[in-house]
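In what comes next, chain A is part of two complexes: it sits with chain B in the first one and with chain C in the second one.
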Partner chain A sequence: MNAAAVIRHRLFWPAAVLVLLLAANVFFTPGFLSVELKDGHLYGSLIDIARFGAPLILVAIGMTLVIATGGIDLSVGSVVAISGALACLWITDLDDQQSVGGVLTAVGLALGLALFLGLCNGVLVAGIGIQPIVATLILMVAGRGLAQLITDGQILTVNSAPYKLIGGGYWLTLPFGVLIVAAVLAITAFLTRRMALGLLLESVGGNPVASRLAGIRSRGLIVTVYAFCALCAGIAGLMVSSNVSSADGNNAGLWIELDAILAVVIGGTSLAGGRFSLGGTVLGALVIQTLTTTIYTIGIPPETTLLFKALVVVAVCLLQSPAFREKALNRRRRRPQAAPASADPKVKVPA
Partner chain B sequence: MSSDVLTAGRSAALRDRQRYLPVLVTAGLLVAMFTVGGLRYEAFASGQIVLNVFIDNAFLLVLAVGMTFVILTGGIDLSVGAVVALSTMVTATLMTDHGWSPLAVVPLVLLIGSVLGLAMGCMIHYFEIQPFIVTLAGMFLARGLCYVIGTDSIPITEETYTAVAQTQISLPGEMHLSVSVVIALAVVLFAAYMLHYTRLGRNVYAIGGSEQSALLMGLPVARTKIAVYTISGFCSALGGVLFSLYTLSGYGLNALGMELDAIAAVVIGGTLLTGGSGYLLGTVLGVLVLGLIQTIISFEGTLSPWWTKIFIGLLLFVFILLQRLITARRS
Partner chain C sequence: MFKRMSALLLVGATVMTMAGCGSGGATSATETGSGSGGGDNKITMGFSQVGAESGWRTANTKSVQESAKTAGIDLKFSDAQQKQENQIKAIRSFIQQKVDVIAFSPVVESGWDTVLKEAKNAKIPVILTDRAVDSQDTSLYKTFLGSDFVEEGKKAGQWLVEEYKDSTETVNIVELQGTTGSAPANDRKAGFAEVIGADAKFKVIASQTGDFTRAKGKEVMEAFLKSNPDIDVLYAHNDDMGLGAIEAIEGAGKVPGKDIKIITVDAVKDGMQALADGKINYIVECSPLLGPQLMDLAKKVVAGEQVPARVVTEETTFTQEQAKEALPSRQY
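Let's turn to the complex of A and B:
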């Protein structure tokens, strides 16, 4: 593979941005990449990035599949809030907050509700044929209200060791949340890349009518994908609320849908659907989380986080836009070798 | 022959009626809500209550007007709430901390909003990046700029500005209006004229119907698309000015999530999010419906504020279902 092929690879620019961010960190804090073992737990900035980025990666994985079918799910942030709220509400009502069975019931209930909400989204999109952005907007708006209804507008705090494990605990020296993400990622990658499922999803996203005529049950697939996305958001909601041992209906998962969509786009998945890259999405989510961490470690005032984020988003999107690259590169190329640049498309036309 | 013409005329009339159906349903809902409110609560069925809905939502009305333009072309603008916050912040710092005159500040704020919209429009059109992502970046940028200016709420004490904010325009029957409402209504009238009676307006509808066809017809797609985002940026900035008149302060966390309210108002008003179909009157009715929900919840007294969101969600659901039924029958 020569240099040009590497640059043209879909994941080159997001990977380059990630490496650049890490390099900037190493430059400002020399010990940034070191990871050490303390009390049987791994510690280090890299581990922190993975740990705090876990909910975002999870939501972004679900979002990738939804976007692959040509849809979008705006409601994940609300589902994050709802699932955390329901789990915490159930645990506060337990006689013994430390009981593993009670916590498991709470987790089951929260994930069940998330799954149900996802099914509703899927039915609205596939069954009734509402545009995805509108269908999920409903739950995005109403879901925040629902989460506040569950917590009664309060911040519910819990004191439960088993629940704390999900988002704040360690297992086998690694943060438990990271392990959950790895498991979900592995299952998703297996189902979509080793089975035909991924191909079917891409065909539904590429051309719904043609894939229906080819005998693919696009409706069932779409409903499944929305349910899966909501389930991922539900797990992320449990992580977020367990990490801080409380549920906040108003602020939990706020804007996570935007970050997740951003991660998917940075990862090279087109919002038009028909093609997706799970690796790219994880890369995109890591870029976003590393960016946030970088801002804290370098000592840029936190007020400018959003400004920085806007600049990176614009840069990555511009670099990935074929129109932009064509315009920028052509201008550079036209002077030295005008002929090959203009001859290329002409050759293609008769063929 | 004549019967052919007759049926053609009748079906055209029927199609016309169907086109207005979503707006009519929203209007019907508004009347129903007002009637129910009037029957349930004392002192609800008065002109001032209607005017208060306008006074409390003048900024949202202006935002929704800009959003209608964008959505009619099939795009979306997520940056409006952040631009409102930025405008309040710029207004407040320049007037309170630097002692600028409102006559200089307000045009500057409107210019900032328009330029931001223009830049986003150019990125969307020339670099073919999805509007969703570009305006999302615009939202981050505007909120980020707010925090760079300051993280605290800044009060506005400038005399002329507060005087304008507190001016009440008296109407017959002991009713009154604020200056913001007059500005917002002027914007609505002007926008309705632009959308329905000018070339730009026709181009907006044509692009929303099919960008490809519009391009092949030789319509100025680039100019129109960029103009639409510029209009939305201008409206957001103006909305921000009205918001600062309403709260007399600037704060980076102002108008959080207001883009959703604006989109919801447009959808409830019967505009299709795929673009190409909808009326500005519908948007106005949509804003009034949202405002009336809040009024009813505050009159009810025992309902918690989060019910507003749940009701808005339910309404969205009903309206989208209705739109779906109408479009399904037409095709």
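Let's turn to the complex of A and C:
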């Protein structure tokens, strides 16, 4: 592949921004890229980015599929809070918090509830025909209340080694959360890109009426993607609460829906639906998490953090826009857009 | 038009339902209306609480109720569920019942002049607790009882100065701030900076917001640990951020409380546990237990004695040994 083709690749600019952010970090903190083995697990800033980015990547993967069908899910942040709260509540009631069985039950319950909430979203959208943004807004607002109800407005603290593993532990020197994300990503990529599912989703997102007339059961598909999205959010919620061994109904997953949507957009998935890129989403989520880490390591004062973030995001979006590039960089006219590509095999979670 | 109306109705209905399904009885100020207003010597106090939004607030409510009982004060308690109109209603009902003294934690800062004037005209003294009101006319209330966040920051700084008084080396400090722009975050930062600013050896090498949450505290501390290999002290504006940071420090293979000394503010139960376990070195208390002080003030005010216009909550500080003693009886 020659240089021009690389630059024209859909994910070139987000990737370039990611590299630029990492380079900036290396400039300010020379040892930024070094990864060492400490206490039997990998340790370093890159590991941190992957570990803290894991919940966001998960939520964004679910969001990608929802957006591919032309929908949107605002309730993921609340689902994150609910699932963490329910799991922690169950574990605090256990006689032995170290029991693996008890923790598995807690995880099962939390994910079951998340799945149920996702089904509710899906039914509201596909069955009753409420606009996705409104249907999921209901759960976004009510869900936070539900999470606070579960935790009784307090922060629940657990002391359970098996639960800690999910978001804060390591397995084979790698953060366990990153392994979960890799597994979910692999399964999703397989189902959507090696099976017909991805194509069906895109067709539902592209033109629901035409796809229904072509014999695609769009209703069932839409319910499924909302349930899947909530399930991803549920797992993310377990990670977030397990990472700090506590459940905070007020703050867990607060505004993660916006970060997830941003990750999806940076990854080149169209908000109008009809096509999606899982690799792009992962890249987008990594850009966001790297940006956050960069702010901490470079020491940007908290008062200007949001402005700095906004500037970087605007830059990424502008660079991604062919029309802007054409004008600003005075390039040749772009070629016709390539068909939606399959998930990019080059982009992987740097773990 | 019809659509807009129905949307409004829907919103209204939702709000009503939400208000209705709270703890029941939004303004239950009349629960003990036995006409105890004037006759006997027993003082009657009307207290309007903000709500029950956090563990801190729940402990605050409990403290007021229990200390009223011990002080022999007849308490009429009302929960405003975060709404100013509920509080105003409650205060009006206290005035009608001719209570001896009114105390309340204002939900918001402004909009109190009218109802406080009514209380003044009825010659019922008012005490503010925990939160202040923004009124030009300070004669509307007798006193304001609450925490002084600047003082809390200063106490944290003083411990640090004392701890390192024999050392001449530079002390590298990282700070986890509360939510950007909030009063506790601004004041705790300012108080701390004022005290340690006197000695050039104290250096704040990094300061970021952790939004008062455990998760953010951990995330920010992880980044601090990597960008600043040589951290001596962590100052966190609340216990939760400190607790998150402890996990980050342990993950980095360092020992919290030894390799990195930790100072936090609040003294909630989880924080006290960590202090007793030696993972935190010092906690400055921000206490919700202002009940006993409130009852003292109420008695003085009713007796017509002069009270200072600003009373700071009696707050203490905890070292690791003190935490071990205090932990079993910790209420929140």
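Operating definition for what follows: the second predicted complex is superposed on the first by the 314 of 351 C-alpha atoms of A that agree within 3 Å, B and C clash if a C-alpha of one lies under 4 Å from a C-alpha of the other, contacts with A are read in each partner's own complex, and residues count from 1 in each chain.
Everything that follows uses one rule, which is that contacts are C-beta pairs under 8 Å (C-beta built on N, C-alpha and C of every residue); 3 or more make two chains touch, one makes a residue touch a chain.
Here the structure is a predicted model, which is why all the values come from computation and not from measurement.
J.: Based on the superposed arrangement, let me know which partner A:199 touches: chain B (first), chain C (second), both, or neither?
T.: The answer is neither, since A:199 touches no partner chain.
J.: Looking at A:309, would you say it contacts chain B, chain C, both, or neither? Reply first, second, both or neither.
T.: First partner only.
J.: Once chain A of both complexes is superposed, is A:243 in touch with chain B (first), chain C (second), both, or neither?
T.: Touch partner of A:243: chain C, not chain B.
J.: Return first, second, both or neither, reflecting whether A:33 touches chain B, chain C, both chains, or no partner chain.
T.: neither
J.: Applying the touch criterion given at the start, work out whether A:183 contacts chain B, chain C, both or neither, answering first, second, both or neither.
T.: neither
J.: Name the contact category of A:43: first (chain B only), second (chain C only), both, or neither.
T.: second
J.: Can A:104 be said to touch chain B (first), chain C (second), both, or neither?
T.: Touch status of A:104: no partner.
J.: By the touch definition at the top of the document, which applies to A:153: first (chain B), second (chain C), both, or neither?
T.: both
J.: Could you look at A:299 and tell me whether it touches chain B, chain C, both or neither (first, second, both, neither)?
T.: The second partner, chain C, only.
J.: Which chain A residues are contacted by chain C in one complex and by chain B in the other?
T.: Dual-contact residues (chain A): 153, 303, 305.
J.: Would you tell me which residues of chain C are touching chain A in their complex?
T.: Residue list for chain C touching chain A: 52-55, 58, 177, 180, 206-209, 211-215, 218-220, 222-224, 226-227, 240, 243-244, 247, 251-253, 270.
J.: Can you name the residues of chain A that touch chain B in the complex?
T.: Listed in rising order, the residues of chain A that touch chain B are 72, 128-131, 133-135, 137-146, 148-149, 152-153, 249, 258, 261-262, 265, 271-272, 303-311, 313-314, 317-318, 321-324, 327.
J.: Quick check on the complex: what are the chain B residues that touch chain A?
T.: Those residues of chain B that touch chain A are 76, 78, 123, 126-130, 132-134, 136-141, 143-145, 147-148, 151, 260, 263-264, 267, 273-274, 304-310, 312-314, 316-317, 320-321, 324, 328.
J.: With touch defined as at the start, can you tell me which chain A residues reach chain C in the complex?
T.: 28-29, 31-32, 38-39, 43-45, 48, 52, 153-155, 157, 168, 240, 243-246, 248, 251-252, 292-293, 295-299, 301-303, 305
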